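Below is one structure, written out as structure tokens, with a few remarks after it.
Labels A, B, C and D are assigned to the chains in the order they are written; within every chain, residues are numbered from 1.
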Amino acid sequence: MTDTPLLRAAIVGASGYSGEELVRLLARHPRLELVAVASRRSAGKTLGEIVPGTPARVRELKFEDIQPADLVARKDIGVVFLALPHGVAAEYAVPLRAAGKVVVDLSADFRLRNAEVYKEFYGHDHPAPELLSKAIYAQPELHRAEIPQYDLLACPGCYPTSILLPLVPALRAGLIDPHSIVINSLSGASGAGKKAEISLLYCEINENMRAYSVPKHRHLSEIEQELATAAGTRVTVTFIPHLIPLHRGMLSTITARLKVPGATAADVTALYAKTYGNEPFVRVLPVGQVPEVKNIARTNVCEIAAQVDPRTDRLILLSALDNLSKGASSQAVQAMNIRFGFPESEGLDL
Amino acid sequence: MTDTPLLRAAIVGASGYSGEELVRLLARHPRLELVAVASRRSAGKTLGEIVPGTPARVRELKFEDIQPADLVARKDIGVVFLALPHGVAAEYAVPLRAAGKVVVDLSADFRLRNAEVYKEFYGHDHPAPELLSKAIYAQPELHRAEIPQYDLLACPGCYPTSILLPLVPALRAGLIDPHSIVINSLSGASGAGKKAEISLLYCEINENMRAYSVPKHRHLSEIEQELATAAGTRVTVTFIPHLIPLHRGMLSTITARLKVPGATAADVTALYAKTYGNEPFVRVLPVGQVPEVKNIARTNVCEIAAQVDPRTDRLILLSALDNLSKGASSQAVQAMNIRFGFPESEGLDL
Amino acid sequence: MTDTPLLRAAIVGASGYSGEELVRLLARHPRLELVAVASRRSAGKTLGEIVPGTPARVRELKFEDIQPADLVARKDIGVVFLALPHGVAAEYAVPLRAAGKVVVDLSADFRLRNAEVYKEFYGHDHPAPELLSKAIYAQPELHRAEIPQYDLLACPGCYPTSILLPLVPALRAGLIDPHSIVINSLSGASGAGKKAEISLLYCEINENMRAYSVPKHRHLSEIEQELATAAGTRVTVTFIPHLIPLHRGMLSTITARLKVPGATAADVTALYAKTYGNEPFVRVLPVGQVPEVKNIARTNVCEIAAQVDPRTDRLILLSALDNLSKGASSQAVQAMNIRFGFPESEGLDL
Amino acid sequence: MTDTPLLRAAIVGASGYSGEELVRLLARHPRLELVAVASRRSAGKTLGEIVPGTPARVRELKFEDIQPADLVARKDIGVVFLALPHGVAAEYAVPLRAAGKVVVDLSADFRLRNAEVYKEFYGHDHPAPELLSKAIYAQPELHRAEIPQYDLLACPGCYPTSILLPLVPALRAGLIDPHSIVINSLSGASGAGKKAEISLLYCEINENMRAYSVPKHRHLSEIEQELATAAGTRVTVTFIPHLIPLHRGMLSTITARLKVPGATAADVTALYAKTYGNEPFVRVLPVGQVPEVKNIARTNVCEIAAQVDPRTDRLILLSALDNLSKGASSQAVQAMNIRFGFPESEGLDL
């Protein structure tokens, strides 16, 4: 398909749910070759043994107990994806960046520009504050132009993506009062990760639902950082995440007071259609339709609909995405495509 | 257990999901005897044939194609439960009330006091406006004292119950700005009823979720009616219901601007604990805990938690109930217990 | 309701799924008072704190770190339920029986009469072989007459119950070749217990299914023991259990070669209807109907249907029960009712 | 990728679940162009309007109310896929074949070679018996060599595929007694189709399971036809399908008496590994592992494991596949690839 040599990639943390999805995506990416996967607990076993659904192309690749220094030494590797818990990612990112590797980080470690905000929300000093200004918040639709200039891509997670894509255009356009924003998000269970905890058992999640991390979820920090940029002023929002009995999927339902009281759903939808008209991975729905998880599951698409409640002069924004795809792994691939100058949709489902 | 003769009851519409649940509850109620069940489509068949899980005590009872006049003629029947679609309930309620029967109506037909509001939300004239003032909005925790004086109990549905129980105390106490209320509710699939529609198929609801009836769901009318009474002023709210892949259960997440900015979660929780301290079927959770569907499934309990978001000065109210129980059938039994002077918890799960 | 003093009961192991269900059942049982619940990990907390859905009547009861000696010392306690893992139950049963307490054991520890068979299937010597002859296999429909004479009730689990109830009548009647029996059982996830294991996470069970413990599941030992009694000859069966994405419920589908080739479904169904005609908790379905989990969920009922495949001369037996109810806790209560001379259905859902 | 002109394809019946999946597969197939989709009920609407998750490449394609004559007239169309109910497919296949079009039929209409067997199982005369000998049973692993010689591909459905792939090698090798075969299959709900029926509602399938079509499911006819070919003798089996609460996926668990009593699981697994060693879409698992739906969901892979029960001398065969993929649409694409000489995996997930 191309004569350019393939970009050689490694994944650290390939055995969680986002990691599995990343393996699946990189395995079929026409510009990449996945050459190394790191995992302490699975070292010595093949991808196919640990994740039997792994695509044939990389089934025989073996997990290695790779330390940061080992990755630095692998000169052939051009890009390293980190699908690690918060805090652990920095331990890899610092030496890898020092060695000049491009790092695509799916964790929250480098998403904030301000180390003070990090400390407020995460409860300890940032492990590598000097890297914060060297990282880009790699939401393609918001920062496409800047991504190619960075070697540390801090990929946003599911909540921020499902909230920023619908909210940023309204704030940029001055359509809503930034002090009136209320966000309710509903997440499928894979968002909680692959951890041996009672609260994540089938019998604790099935036929159940609940809010959590009320009132100050950690990801508020990055959400508010990006909303402030869009609004040109500080923005503080109420955000309530919920855990829902399904595998993959996220809905966000956002309300805010309209500054332009007569605005109709048609007006607002037209603004969104214009904003995202050329975006391959954002689908603005006609007035009256609502985003549904089934329409975007296992794709890199985010569906958005706008409604107006004329009885209360509120804008209602609805979004749906797949928390493991557009909310994690496929969005990271999209950002990586942009960073390396590949076609943006390469290897992704439209 | 008692020497009082049993109250003889009929159910019209026993083959839907609320109707099934009502059969189950009446079958084991120690003060009642279920003597007639009406259903056109199931006439001639036994309850056990149509709903194989029917309790043994009433399995052999046969569905009859009972018209309103037939019920009027049954002198032994002291109470008739209507588990019918909106609009059809009135066709039974009018002659039954004219004949002096006590009617426990699970539909929306008699929940509004104002026929104009009915017309606005339901799109046609109310079929029996003269009965509106003869009906009580039969939410036990809000109208316990009045229920015994009425013979037409308009039982609230799941959304109103899950919203009013948490919101009314805050409005009565003047704690929140009544113009700032935003409500997100999540409903299990049984709330949509037992209808042969593609959108209700397993494969359309499983691994999916979506908002619906945005921005003006019909039940807003009764929600706002009761909130206005509590607030002593007109209240208009933003309400966004969502359909979630589980059988039974409802969460409501409500935010509103605090009028008393320094109020803490502990302050607000103390108010709720005081308000509902003697209520057998409302459970106010300690600060930091959240309502969960699994804690109240198949019971008549509504769990409530209050939180404060000091960053935005908003009150966050969370509630959980079972849409077929406290949100429909068991709450109707609770109201009936009050109406007939039975112990309020008789026949109900605590 | 009665002037007899209440039987005082304790549960050891009340925090697993069967234990929770047992608490719920004992809390509402009119002849019993639940006075103690033991759990090391939850000691000091109330039932309501650990299992928020606990019925009001026992919500404030506190978990205690009760050792066997403590239970022996509690003279007021007349019956102890053990909802413990295999092996641990014996540690309690031995001293409790020595002290003369009635023990209702939900584990597999005392279900076998032969210590050699125990060793073959469980891989180690039986911890208390002297008690095996003192225990009764407490399946009410098979051993009702003997239960009152025993003080150690070894309650069968879900697989044996769902298999024995349909199979025993066919073997007793000499209807099938005992060497031709093939059993496929499908279990809901609660059957795997409340353990913090990756394989039991929501995302590992939802949208998945698999067989397990092929070809020699431990419970084969008790199944074959009881089948041999019914057949009057040694019986060895093929048994394949499967894990299915639902909370509660079990189906067993059993085939065996008919010895009486001309037998029809009607003939066989008549035999079953006669066998179980007076059983309150076994429902034999008419020819052509099939057992469904939804018909028996959260009840003590087992549904059974018999079919004949005339093309292969095989009997097909289908059963459905709730693995936490008739397959565990409610069946234990049924056996306890028989042991103490209470009405057999007391406290149970029909 | 290639200079060969694309093969132009039509789908009739694209709005069911198999049809949706077929659209998704053909949309991304590098050798094909999907140029027409027929559906009476959706005529005039785009694929994207009816199935919002449709891939971007074909979202704007409009459903047409295409009659067989219209398709015959479309000279550019080289292959027509029929994703239609049993019986309707023949109405299209007859004129399309008469006009020389290649037909890939996903229905059961042309899977049997014998019109008498068809009548026995389907209850009426075959609508086009003259075509039966012109059709190939298009199971690639069984009939790969013959497929290129046929223009009417009768693609097997999910039950036959999940049964034949594990059973045929054992019969061909004379390993088992053909009169002793018992098959239990578990199907996800999408197998029942997209029909507005009460029995297919979320609340009827979720938290439920049941057997159905006992004892003579229609697909027994094609299963036994192919088994007889493999065994070289008539084969009659007992087959019990079950409906399970998940979206996509099928397990089959098959037992049969071993003719070679000493055979071990290792022996049998070696036979399977040899048989399917070069098959891209069959994965034979090592002894001790079991097929799981999650390992093959949304791929064209069938997982197979073999076990031996030495206590009963039975072979136990386990298989897992996705009923909409290997059990329907992706297997049809695989057969089409073979028919047209494309690489067999083209457009398919490994």
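To be clear about the criterion, contacts are C-beta pairs under 8 Å (C-beta built on N, C-alpha and C of every residue); 3 or more make two chains touch, one makes a residue touch a chain.
All figures in this text were calculated on a predicted structure; none of them were measured in a lab.
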From subunit C, the most remote chain by mean C-alpha position: A
Selected pair, greater C-beta contact count between C-D and B-C: C-D
Geometric centre distance via CA averages, subunit C-subunit B, whole Å: 36
CA centroid of subunit C to CA centroid of subunit D, Å: 39
Contacts with 2+ other chains: residues of subunit C: 204, 206-207, 245-247, 292, 294, 297
In the complex, subunit C residues that touch subunit B: 1, 52-53, 55-57, 207, 280, 283, 292, 294-299, 303, 349-350
Contact footprint of subunit C on subunit A as seen in their complex: 17, 189-190, 194-198, 200-207, 245-247
Residues on subunit A engaged by subunit B in the complex (per definition of touch): 179, 182, 184, 186, 204, 206-212, 214-216, 236-238, 240, 242, 244-249, 251, 253, 255, 290-294, 297, 307-312, 314, 316, 318, 320
